[in-house]
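Next come the structures, one after another.
You will see two complexes here that share subunit A, one where it goes with subunit B and one where it goes with subunit C.
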Partner chain A sequence: MANASVKVDVHHITRVEGHGNIVVDVQNGELKQCDLQIVETPRFIESMLRGRPYGESSHLTSRICGICAVGHATASLRATEKALGVEPSEQTILLRKLNFHGEMLDSHVLHTYMLVAPDALGVGSVIPLAKSAPEVVLRALRMKKLAGDLCAALCGRHTHPIAMTVGGFTHFPSKADLEALRKRLVDSRKDVEDTVNLFLQLKLPAFERETEYIALHKDDEYCFIDGDLVSTDGGKWPVEQYRSVTNEYLVQHSSAKHTKNQRASYMVGALARFNVSYEQLHPKAKEAARALNMKPKVINPYLNTVAQVVEIVHCVEDAIVLCDKLLKKGVTWEAPAKPARLSGEGVGSCDVPRGTLFHNYTIHDGKVTGANCIIPTGQNLANVELDMRALVPTILDRTQEQITLALEMLVRAYDPCISCSAHLLDVRFE
Partner chain B sequence: MPAKPKVAFFEFTSCEGCQLTVVDSLQMYPELLEAVEIVRFREAMSEKSDDYAVAFIEGSCTRPSDEAPLKAIRERAALVVALGTCAHLGGINAIRNRADLQETRTYVYGDKAEWYDTYPARPIEAVIPIDAFIPGCPIDRHEFIRIVKNLLQGRAPQLPDHPVCVECKLKENVCVYQRGMTCLGPITRAGCDAICPTYGDGCEGCRGLIPNPNVDSMKQVLEQHGLSHDAAMAKTTLFLTYQMMQREAVGDGKRVG
Partner chain C sequence: MSEAPRRRIVILALGNPLRGDDGAGPEVLRGLAAERDWPADVALIDGGTAGLETSLSLSGYERAILIDAGELRLPPGSWRRLDARQVILQGKDGPTLTLHQAGLAEALQLGEALGILPAEIILYVIQPENIGWEQGLSEPVQAAVAAVRAAVVDEILASED
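For the complex of A and B:
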């Protein structure tokens, strides 16, 4: 029999980054309230950027988030470079792509193994898994360490990167560093294969709701840095027009703004990238997608985690390709490319682990005068709430505990990064 | 301290990067899990317990509603450790302490500013007494393990009180001043193995000032290299705003920004 009245109140959802609450109120079979409350403290990052030298922006904004520090730094650098007419070298572009794969792997391994897998295996965290399935935990730690070491070789550390600067890098990996990384990446193929097999066995809830999926896209590569905004509902926008895609608005129950484009909400992240850019995936990643029964367009939000598994395959394979290119070219210690001017406006955009990230700066005489950052999790909030509204009426026959778990798993599937999102703003450019 | 103390992690205003560094430390030192029982770590586990002996707190106190939970943690824990620069010194959160708070709120949240509770950012120690701190943005994983070992053995953690320059010289780095860059190494607490200068950037002071920073000597170094004192001291506004404002308040840190 269906529950006539259900109240779900999850204070501070666990195994997500940052602070959020789920509040659902069903009275006599009618859904009265269904909110994902964002209760993170406001951070005010953008207002703190104002008046600071442009070279500091990437160091300050990487502190928005410990998980996507490289992503924030990269988007920040691209915004500054576009504002000041800086053209990074081919070597810089290759090193940034390789570094980005390190962060993508680190974040995806953390989310798939440590945050999601415990639900599918019926435990509260990865710690009991260390006893019941030590090989799974050791594999996750091994993969995460490789990802962290990759970033450390390129930019000093993953949280928070040091050697990434406007126009290039201030430190370079040696030939031996790259060779060692390449070998470890090749050796990790077995771990990657086992990861695919693990998620082949895990049962995730069957729930579908079609929405608009948006990601950065390039025709000649599976795109994480630069590119155009592309929607599965049709439409392509240069990143400079991001405001016409995000259309931010404030809601009182969230210190992060909501967004919408062509429908009431849209989704960004691994599943959106998979749906938008499937063709550009590495052949081995497509093979894994087939094995995992993933074919675009996938409209089950719980499968965002599986799309991350597909991206783990892609990132390991593409990182090997990038190591080969860098080794063939030979890495040289080059000075960062210089700015052509000291005033201007620029938009930098990257598809970070959780989706499309925008940094937009105005710079005057070398100092930041205006800043706006739009973060993936903020863009997903409206979509999560609509998923919850669609899901709750279909599971009212379950116990309160099961309903709560299904909702927590849904929120977790989006891999929300709440401390990132809780500092969105109404920007004023001076 | 019992044989296997219960440990809890908490976060206030922060990026949670220090707790991620704790996860990374466990990758390198998994035996730590044998020595303690983690009973609360919201970022990584669903279990939540209010029974703990050691509390690690990441992040700054930035709103009135942060104070009651901080005081509750203090009452429950035998040992409270500030984890990372935000908790230890206010970190980047304190940058806004020099700006007009109302203007800052309006800049970010427009006419909805009143919806969001906030006040000047403070280190944890400004609200509750702490027993130890682990400096850095983020914390250094080796130092974290070292300090946890000290605490488990009932000893006061030892932190270096010499400047970053000492470690930088030992690493045989070319001084970043000689490359025309500014660096807070001469007045910043060591312990990070001079990681920023090693990767080609000047020290930004994230670990806090050494106990008796010789700012006059730092000025001389800057002059010798023909560098602007203002440009270097502007760096203290990134992580050290709270500490510098405190020094100004007692008169021994004349406004130097």
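For the complex of A and C:
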């Protein structure tokens, strides 16, 4: 509508982690301002690592986040291991993958059920949802508990993986632990199916915008740990070249930097992984994708949440496969693999729930001399803003409340972890 | 074959021992655990900082006793025994009581909405002197911890009669 003037000013958008404002200013149909302002202060984790013994890095950096603690720890360990020539054993690799699935499930269940579903069901938060559909909320809590127990069994604690260390683990699940977890995973298939069915019924906004999607990729598995960086625009980079993909730059209105690659912005996260590595998904996850009408390349950012539902199916099924492998081999106590040297530089990368994460360390005589951490949410910020700029003109005929909700849902769809992203949704209708 | 014990009472301590007097709750719990061997129908849980899953910890019990540091606007070391339902579930306009109230209030509201909370939920709140970035309790709070521990013991023993 040519003469519409609208200002949206959401100070501290709710149901996201961290603090961000949405500021949108439209005057007479012309978009004057459209920002996602990150107002979180940087926490200088990278500086804290300097001077510390290399073995502390994963423990310090896992405290960057309570929901991606295993993701940060794993990326951190891979960076240290590559810097110091440490080769993890096959058992370590399997245990780390299973642990990662636990965290992926925990994070995705929280986001899909408690952060996104309330919007789609027209309620303000999970609490009214608990009153109107208690079985839905109990299911989410049950799935989260399984995911948390899986992590605790593998890395010693739910939140902050105390048993993960350079070269391996300091604690191992027993055969009984693994068998019990396997049974609970198999029993959870009903809950997973109900999750897919729930999202079959939920209506998410139809909005599309072409952009670049980037994820870690391996040809032989749906990859969360290691791999190469691959883009839907073409291109493959070893993780050591991450800087030539992220190209960070400062923006005035945000305490977190923005990134760009082959276009003005790119997207990481579940939808990016789905678009890049669909072929590698477990067959049951592909089935769920078909049921949910998801076929790569999906370019609706609101469907990032649905891609997470597909990943929930994949992670439960692959966790069962991993339990079977570990039970067949038998898990034995292993000393962590030793470093070949005490100085070097390494880049560790994982595709954590929200997207590609990079930890880059330099280590000299066993002490960290430099660290650079690039967080997935920071890599999404430019893409969110460009989405907002494209979306607003198409919804100017709606009420202020509807426009605000559409923008809040857009930001929420990315599952942003804002505290993590500020390393160095004020929708203001003016 | 033994049956699972009756889930009569759960004592849930909330608090972060790295934040000065916010560690009061866990300290009370530590004292309770050391004081005697509690029967199987009494559970002691260190709840850390409250989250949505806190309400799951309370589910299935007949009574819950929560212990936490909180802003009572009273001299340090003061403490009160309160009905959690009245304070948190209904008193939305009241002052923010504890460091964890946003988490605890939401957790209890969620539990209430799901219908999984115990019939009776008692909240012991201890007024902190200092909740800065260090370990250790101030003297007034140490005294309160001892008093609250004794009160909780009396409460459990009285309920057994």
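Note that in this section the second predicted complex is superposed on the first by the 420 of 430 C-alpha atoms of A that agree within 3 Å, B and C clash if a C-alpha of one lies under 4 Å from a C-alpha of the other, contacts with A are read in each partner's own complex, and residues count from 1 in each chain.
Rule of thumb we're sticking to: a residue touches a chain if its C-beta (ideal position, glycine included) is under 8 Å from a C-beta of that chain, and two chains touch if they have at least 3 such contacts.
Source: prediction; values computed, not measured.
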Identify whether subunit B and subunit C fit side by side or clash on subunit A in the overlaid structures.
clash
Just to be sure I read the superposition right, which of the two partners does A:126 touch: subunit B = first, subunit C = second, or both, or neither?
both
Using the touch definition from the top, say if A:114 reaches subunit B (first), subunit C (second), both or neither.
both
Go through the superposed model and pick first if A:151 touches only subunit B, second if only subunit C, both, or neither.
neither
In the superposed arrangement, which partner chain does A:141 touch: subunit B (first), subunit C (second), both, or neither?
both
After lining up the shared chain so the two structures overlap, which partner does A:8 touch, if you call subunit B first and subunit C second: first, second, both or neither?
neither
Thinking of the overlay built on chain A, is A:250 touched by subunit B (first), by subunit C (second), by both, or by neither?
first
Does the superposition put A:64 against subunit B (first), subunit C (second), both, or neither?
first
Between subunit C and subunit B, which one touches more residues of subunit A when both complexes sit on the common chain A?
B
Set of subunit A residues, in rising order, touched by both subunit B and subunit C:
114, 126-127, 130, 141, 144-145, 148
Within their complex, subunit A touches subunit C through residues 114, 126-128, 130-131, 134, 137-138, 141, 144-145, 148
Please output the residues of subunit C touching subunit A within their complex, sorted ascending.
52-53, 56, 106, 109-110, 113-116
Looking at the complex, which residues from subunit B come into contact with subunit A?
12-21, 23-24, 26-28, 30, 33, 38, 41-48, 62-63, 66, 91-93, 95-96, 99, 103-105, 107-110, 112, 115-116, 118, 137-138, 195-196, 198-201, 204, 234, 237-238
List the residues on subunit A that touch subunit B in their complex, please.
12, 14-18, 41-44, 46-48, 50, 52-53, 56, 59-60, 63-67, 69, 110, 114-115, 118, 124-127, 130, 141, 144-145, 148, 155-157, 159-160, 162-163, 165, 169-171, 250, 252, 255, 419, 423-426, 428
